[in-house]
Each structure stands twice: as C-alpha cells, then as structure tokens.
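Below is one structure. I have some questions about it.
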Amino acid sequence: MPLPTPLSGVVPPLCTPLTAAGDVDTRALASLVDHLLTAGAHAVFALGTSGEAAFLSDDQRRTAVRATVDAVAGRVPVLAGVIDMTTARVLDHARAARSLGVDGLVATAPFYTRPRPAETAAHFRRLRDDAGLPLIAYDIPSAVHSKLDAATLLALAADGTLAGLKDSSGDGGALRRLLVALRARGLGDTFSVLTGSELTVDAALLAGAHGVVPGLGNVDPAGYVRLYEHARAGRWPEAAAEQDRLAALFALTEAGGGASPVGCFKAALRLLGVIDCPATAPPQVPLPDEAVASVRGLLAEGGLLR
Amino acid sequence: MPLPTPLSGVVPPLCTPLTAAGDVDTRALASLVDHLLTAGAHAVFALGTSGEAAFLSDDQRRTAVRATVDAVAGRVPVLAGVIDMTTARVLDHARAARSLGVDGLVATAPFYTRPRPAETAAHFRRLRDDAGLPLIAYDIPSAVHSKLDAATLLALAADGTLAGLKDSSGDGGALRRLLVALRARGLGDTFSVLTGSELTVDAALLAGAHGVVPGLGNVDPAGYVRLYEHARAGRWPEAAAEQDRLAALFALTEAGGGASPVGCFKAALRLLGVIDCPATAPPQVPLPDEAVASVRGLLAEGGLLR
Amino acid sequence: MPLPTPLSGVVPPLCTPLTAAGDVDTRALASLVDHLLTAGAHAVFALGTSGEAAFLSDDQRRTAVRATVDAVAGRVPVLAGVIDMTTARVLDHARAARSLGVDGLVATAPFYTRPRPAETAAHFRRLRDDAGLPLIAYDIPSAVHSKLDAATLLALAADGTLAGLKDSSGDGGALRRLLVALRARGLGDTFSVLTGSELTVDAALLAGAHGVVPGLGNVDPAGYVRLYEHARAGRWPEAAAEQDRLAALFALTEAGGGASPVGCFKAALRLLGVIDCPATAPPQVPLPDEAVASVRGLLAEGGLLR
Amino acid sequence: MPLPTPLSGVVPPLCTPLTAAGDVDTRALASLVDHLLTAGAHAVFALGTSGEAAFLSDDQRRTAVRATVDAVAGRVPVLAGVIDMTTARVLDHARAARSLGVDGLVATAPFYTRPRPAETAAHFRRLRDDAGLPLIAYDIPSAVHSKLDAATLLALAADGTLAGLKDSSGDGGALRRLLVALRARGLGDTFSVLTGSELTVDAALLAGAHGVVPGLGNVDPAGYVRLYEHARAGRWPEAAAEQDRLAALFALTEAGGGASPVGCFKAALRLLGVIDCPATAPPQVPLPDEAVASVRGLLAEGGLLR
C-alpha cells in the first residue's frame, strides 16, 4: 500500500526474532507483527537498529523483510531499513527490499568514513533515483557519528528526495527548529517527521512531529498508540501521563547492565508470550538471568504482566 | 525574599551589561531588570553563562550581583551563579553573594578536572552547608564536560542539599526520567526543575518541569512569560505556537557566525533600547556590523522591532 | 606466502584505483603494486580505509583483492581488509578473501552499534576460527567509534586469536603501554604491532613496533622504506629526518579542503604517473582543480616531482 | 633566574603537598623540590594540573608559589601556572606570581565557554603584555576542551607572545607537524616545545621537542632525567628502555580506580618518604587503602622501593 503523505502515527521498529540456532524466526515475527497491529500500530519498520540490521547477513535481512511483508499482508505500510556503510551496498539492499514489496525505505548517511554534507546529499539522491520508493532519512548520530544538518534536510525535502525523517538524534532543539523551518517552507503537511526518542514523544507531537518510531513500542505498542491518540485529540495531560508511564517502563532497556536494549526488548517479548526465544545475533552476548528477572519486574510495574 | 518552593516560572539569566571601558554598567543592568520584571519574569538569575560569569573578575561579579539585588528591590527572588572551577573559590563567591542579599545560589559541578560522582556530591554538600542558602545545581555539560547523573541528583534532592536543578544538558529523555523519578519519591512539588533549553520549554513544562531559564528571555521575556502562562493554564497549542515563534527568533544566536550567543543578545538589547552599549568582556571579539544587521532583521521578523 | 612472525616493515594500505566509469582499474592497481614493491614495501594491505573499502560493493572488493594477489604474484605477503559492520558479513568477506589466496586478514571491531569488550572478543574469535588465516585487529576509533582496550588485545594475543594489531588510534601512550605489556608476557617477538599513524613512525619503531601501514606510503613508499631501514639499523636521527620530510608531505592530505585524504592520494598518484584516473567512489565528490594544484606543489616540495 | 632560550630538559609539574588540615605544607613542598633538584630536574612548574591548581584558593596558590620560589632558591627556573577560566582572573594570578619572583608563566586557553581562535590569541597577547614574563601555552584539551591549533601557535610564536608550548594533547602527529613547521620558520631553537605526555618522551625528544613536563616525574624524577640525558647524547635505545620502565611505573596512576592520578602520586611520595601526608584538596576523596597497597607494589616493581 502506498505510504500516506505524511506518514503519521506509531511505527514500531520491529525486533527480528531469531531461533536458538540463529535463524530468523518467521513465525515469531508474524506473532510480533500481530502484537503490534492488534495494538493499533500505523505502520511497521523492519530492519532498523532495534531489528538488529547491524548484525544480520544479507540473506537474513531478506528473510526478515519478506516475512514482515507477508505477516502485515497489506494491513499497514511496511518500511524497510537499508542500513549499510556503502552507497553501493545500500542500493543492493534497496533493490532487494523493493522486490519484496515494501512501501518505503529508511536510510542513514554513509558511515565508517565521515561524509561531508554534499556527499550525504548525493548519497540520498542516488538512492532515491535508483530505488523509486519513498525515502526516509534516519538521523542517528550515536551509530553513524554525523548529524544530518538542517540545511541538507530542507534541501532534500524541498526537491522531493526525502519523504520524511526519523530523528533519533536526541536533539529536541534542533528538531523544533527543523519543524518550524519546514512549515515556513510549506512542507509541514507533506514531509513526515517521526521521532525516535521514545521518552519525549508527547513533546515531539506537541511540536508538530507526525509520529514516533519507538523501540520500546515492540514491548508496549498499545501504550504508544494511546499516547499518540491522546495527542491527536489534544488531550495533552493524558498524553504526558502515558509518556510518564512509558518513561518508567523504559528502565528495562538498562536491565542488561550495559548490554544493548534489544536483548532486553526480546526478553520482555518472551515474557509477554509474543516470541519463543530471546536470542540476539552474535557476537552479542545473552542477557544474564538476573537481567531477565529485572525485566519481569519492570513489566509488572508497568502493568504489562501480572 | 525567600525562594518559593518549588521555584517556578520564567527566570531569565541576566546579561551583564558593560560600558565601552569594560566596567559593569549598573544603570543598564537596572534597565534590563525592569525590562524583565515589567514583562512578568518570576525571578532573575545573575551571573549565569549568559551573564558572562566566565569572563568577569571577582569585583565585577560582586558589582553585578549588588546592582541586580538593588534593581530588583525585593520584587522577585534573585539567584546568583557561583560558577568556578574550585570548591574553595565557589565558597568565596557564595559568601560574597549571600552578604549581598541574594535568595539562592546556582552552582555547577567542579570542572577542569573531571570529578567523580562522589566528589560532585561532596562539592554540593559542602557548598550547601557553608552558604546556608537554597542551592540549585546547574547541569551544563557543554561547559563543564560532565553530566550530573540521576542517582546523584536524586540523593541530593532527597537529603535537602539541593532545592532544584537548572538543566541545560539538552537531554530531554534524561530530564523526563528524572521528573518521573522525583515524583515517584514524593519530591515533585518541592524540588524545582528548570529547563535551560529555550527551544523546548513547552515540552519541559508538559513533562512537569516548573520553569525555564532562557537566555533568549533577556531579549523577549514577554514571549517566555506568555508561553509559561499558556502552559500553566493547559493551553498547550497556544504554548507550542509561542514556542515556535521563539524558536524562529532563536536564529539570532547564530547571527554572530560562531560567536557566543551573548554578543547577539546584547546587540538585540541595544537595538531594543534596553542597554546602551553591546560590549562583551575580553577576550571575546565584538560582533561585526553585518551580524548586527542580521539581529535587527530577526527582531523585526519576530515582531519585537518595527 | 605465509605471513612472517611477526609481520614487520612497511605495509602500504593500497589505494583502489577506479576507472572514470567507477570500475576497479586492475591495470592501474598492478601499476600501483609495482610502484610499492619496487620501492621495497614488505607486504601490501588491500581494502583498508585508504582502499575505500567503505565505498565498494562486494564484487568490487573481490575484484580488488584478486587483482592485488595477481599483481603481487607471491613477491610479498598480501593482507586483505574485511571491514564490515556485521560479524556475519565480515565472515563472508573473509571466506572470499581466503579463496582468492590472501595471506592474512585485517578486521575491525563491529561498528554502528557499540560493542562491549566481550562481544568484540567473540567477534574476533569467531572470525579466526572460521577463516583459518592469520588475523590482525584494526584499531581505528575515528571510524569505528570504540577503542580496542589493552586487556582484550592481550587476551586475544595470548590465546593466538590475533597475530597482530594495526593501531590507527593515534594514542601513542596506550601503544607504548601495550608494547611493554606484550613483551612482559613474552609476546614481543610473535605478536606484530603495526602503527597506522604515519606521522610518528620513528617513534613507534623506537618503542618496539614492528612496522607501519602508512596511507601516505601509497605516494612515497620509498620514503617509508628508508625510514624503516634507518630505524632497523639504529640510525635514529636519520629516521627522524626522513619522518620530518614525510610529515611536511602529509600536508597533501589536507589539500582537498576537508575531503578525505584518499582523493588527495589518488591525485598525487596520477601526477606521479602511477595511475591514470584519480576518481574516487561515490558519493565522494571529486577533488577541485585548485586542490590538485596544491597536491602538485607539495609533491614538488617533497622532492617527488620536478 | 631568566628562563633559558629555549627552556629544555625535565620540568616536573610539582605536586602541592597539603597537611591533614588542608593547608599547603610548605615544609613538604621544600622536601619535594629537593627530591626533584637532587635528581637533576632542569626547572620546576608550580600550580599545574598535578599541582591541583584547579582545587586551590587564591591564598593557597600564592602560598604554593612563594614556597616553591623559596625552596628552589635560584637553583633552577621556576614556572607558575596561572590556570583560570577568565582572562581577568588569569591576569590576577599572573601579577601575583610575578611579584613572588617566578621566571615564567604557563597559561591555558580560556575555558568553560569555548573560545574561538581569535579570542584565544587575544587572551595570550593580553596576558603577555600585562605580565611581562615569558609565557608558555598549555595545550590540555582533556581539561580545557579545545585544542590550540597550529596556525594560532605559529603566529604567537612568531610575534614573541609565546616562549613555548606545553603539549598535553596526546596528539603526537600534530606535535610532529608543529615541530617541523617551527623549524621551517626559523623558530626551532627559540620556541620551547615541552611534552606533557609522559609515556612518549623518547618519541617527542627524537622529534625535536626540547623537554618534558612529567606528572610521574614527581615520583621518579631521576628516571626522566636519565631518559633526557640518554636522548640528548643520542643513546636512543637506552632512552627507550628507560621510557619502557617508566611506562610500566605509570600504572600507578590507575591504582586509585578512576581517581585522579594526583592522589596516587601523593601516595607514592609518602611511601618514598618525600612528603608526610598524602591528602588531596576537597572535594577529591582519599585513596582507599588497597590503592595505596597497589602503589607500593608498583614502586617496588619499578625499583623505587624495596
């Protein structure tokens, strides 16, 4: 299905369930998709950071996208991440994803080397031209080590290269200024701004963002949908209260003691009965038992588990 | 006057006007105080980063505090910054400020060396014990190069060492989690949380912060007061619209082309007729003429100048 | 040919010449290999950062490795970089490189996500077990955004996982402590330490490093070979004088005005008649004409061009 | 005594011994000075980072400088640090130090705010004009959070503002390029370059640096003097061997488990019988007993204690 203009709402970045043997668990992925869509998610985003895209082989990436498209079955749009260090490789991922029927792509700036803005712009333009699908820029300096600057984003929004932005920079001031600048250029209703900062979603929506891509939304999609619906209806205190509850629940990302949040999300999803196996891709080490106990406690406090 | 519990509202960090000869211009400082209080500021904060505390001699600091206390004349509470690299020096500044009649102190963690959390806590405790005034911690990693961690803040809030926090970290997620944790400990109505991020004030207030310390509030205090009043009354769309206008005005901080925002604030204050001389303390270089022209243009766009 | 124990000497990280159409120029690559081996290089390293590994497709990587192995024709050992964000992908590159006949592999820690030391160690162990070739760890925090810590390196050296280290961290103090610790464990003559800091090669060799992987060695391999031979013979003032000359020549990496050094190296190689076309892989932008003129001037000053 | 041109040799940054009550222990300071001068130190530097300048009151600073000048009694030149966040305050420290008879000053760029190069240059020029003493720039980005750039340093060297540089940046490549550039401008024999990187002193001297300011030189001044004399005589392998021994000894800076190295230096000095009391200035926390035991073990391993 075509991506709405602008893409709005709750767009969880799907975890990629794995079997104990390390294969993509397509059955569990379907279960996760149902968990999210039943809760009201407005789209799904496969192969983001929460999807362990950084750890999967090309085959595993393709399997995950195919299984997502199959499980979603046209109910909502499907975005696919095409995260890689090389423009050439990003193009490969994009072609694969398009052939599997996704509705839009999500790409970062090149990384490993530090691109200049002109190189980043060329990267996105090349990708848009080649792939022929709506393209969302993914600003995640914690992984990519450069920030997409406002001037580049505004130019790529104005010329139609980009359909939107997933902002995981954590820089709320820059996000605010970008939103104001987009509206001043008449792009406020066409260029989709999605926050990846799951702790300040009410703030981003109040500032005019169109939606959220919350890693924690794998675990509690209904919470984020409620938050979004409150905001859309102008019930800001209720949105803030929901965000407060989710901010407390977010402590589960630290249960692993320095481990990546993804292992904690997967432990939570198993405790909730959504997936069978909490394995993460190598070389990530498994969550220790006491971490799983902490996750269980936080799910109970957050009202998700009795 | 005693600091309210919790300190709330708009608390501009006063610029310190200087004469062309480099002395603190007490007459202009009084004019600036009137500019802020007429607009409805709820307190003032002398000798913050916007007050060029980092550039003033001890004598100049004392002159600025005395002139601020005199000009305020009990109309609102007066906070004084006691920013220095050394606990011993911070104690000196604190004693001077107390003897000049301020109502509360604002202090950073030690800097130059990188303190451990236990050392930062000892620093604040020593300062609170010695100075006998309400103490607000100033979290500004861009200047101090360490972030106040939540555990330390919660401990110092719980034992009464700190009366509040001025958060200039720009980390909205951490701020949200701190606010949630303070309320969970019953400290939500006594420990004052003030944001220093002038571009996301609506967000901070929606999250439960009590007020804002906006450098840009030197230039447009009425805008921040309107924003605060809208938020307090639950008029969130109006608060967001006011924030949007201020976000556009914030571009004036970049008019100097890499120079510190303070020179731009002072240029604006002269254009508005509040102060006579836009000089900043050495070794800062003056704003070039074209930068002043840009500031003028932005004031006009923001509706502050015809 | 088997890798010497320890690998020593000058090991240039080969540029990957491209045609104007963007293909790997195998003829120019052979010319570059001859340029380096004629100058006395002790081994070559394909697909490092200077080899634009971050910009090449899998096919291009394979073509570059095959052409390097063919051009070297057993005269010196060939190392191949297997730089990728994913352990799974690194394994793919390693298998391809092994089947093409390389003598050793060079791998970074995983990147994009921030690995913990245990994960990095697991990554290298898995790679060593699977590939069955000598493995050199590549410490390049500017690209990978984590530093290989001494404890992990010492453990992986002691158990035979790693045959050596290419240190591009720029941290001379840490390198010194590592060298001292390796010798204290009896690993000083078996574990190869190669510096990637082309401005302090005399220092690294004096400290006990075994060799150097100098990007600038593409342009002036004879200079680095002289430096190395001086050092090996204990002619330290002559080594330092050669390093000084190379340090002045290094200014050509900045000729591009913020562009990556690789474009400058390629411009120099064309001016020297080693390659035909200075193209770099997209999305990198070409060197402007005035930058090429600067490169020419620096080559002349350095005595490489009349 | 006038500062030699260029200042050369081993210039330990004096620890500032304190009594248990927290006062500057002038008797212990005299003992430390004797410990250093007996070992052959070529000058001393009071109130550097190792001297806890960041923690001392103005009175304590003055006491420390006076006691140092008295203890040295003209045997070697005395440098005094004038480290502060404010140009105005640095000027105050400089006047005090001059009146106490020091032979040269050591100053950082302004900090807390981030100065632009033109502001840093103005800062040093103002200081040189006002103080009338030879001025050494202190490049320590870990504390000051900006790096002195080569262009600024070369300009200030050429116009006589600066007599030298203490480089604690850890950037050996930049240091090499600066040394080459100074010599190219005919400043190699007049502008003093001292490294503060105590683990790579042999390298810095081989590259043409004139001396070293080693914190660890408080503990083992004779080692650094031997290293320097070996280097001056061209005995590079012997210099490297001495550096290796000192690199192993440097582990004592980590004995405190994250604490600042100064506490470890002071513990070592007490174990060596040079000072009576290892107290550091508040809010630093004391070294735990097990850390002192580690320091003792490392002193024994390094041959300084039986």
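When the chains are written out, they are named A, B, C and D in that same order, and each has its own residue count from 1.
Following the convention adopted for this analysis, contacts are C-beta pairs under 8 Å (C-beta built on N, C-alpha and C of every residue); 3 or more make two chains touch, one makes a residue touch a chain.
Bear in mind that the values here come from a model prediction, so they are computed numbers and not experimental data.
K.L.:
Return the chain whose centre of C-alpha atoms lies at maximal distance from the corresponding centre of subunit A.
P.N.:
In terms of C-alpha centroids, the chain at the greatest distance from subunit A is D.
K.L.:
Measuring centre to centre with CA averages, how many angstrom lie between subunit A and subunit C?
P.N.:
Averaging C-alpha atoms per chain gives centres 36 Å apart.
K.L.:
Give, as an integer number of Å, the spacing between the C-alpha centres of subunit D and subunit A.
P.N.:
50
K.L.:
Among all residues of subunit D, which ones touch two or more of the remaining chains?
P.N.:
none
K.L.:
Once the touch criterion is applied, which pairs of chains come out as touching?
P.N.:
So the chains that touch one another pair up as A-B, A-C, B-D, C-D.
K.L.:
In the complex of these two chains, what residues of subunit C are touching subunit D?
P.N.:
The contact residues of subunit C facing subunit D are 170-173, 176-177, 179-180, 183-184, 197-200, 202-204, 206-208, 234, 236-237, 239-240, 243-244, 247-248, 250-251.
K.L.:
Enumerate the contact residues on subunit D facing subunit B in the complex.
P.N.:
Residues 49, 54-58, 60, 83-89, 92, 110-116, 118-120, 122-123, 126, 142-145, 258-260, 281-285.
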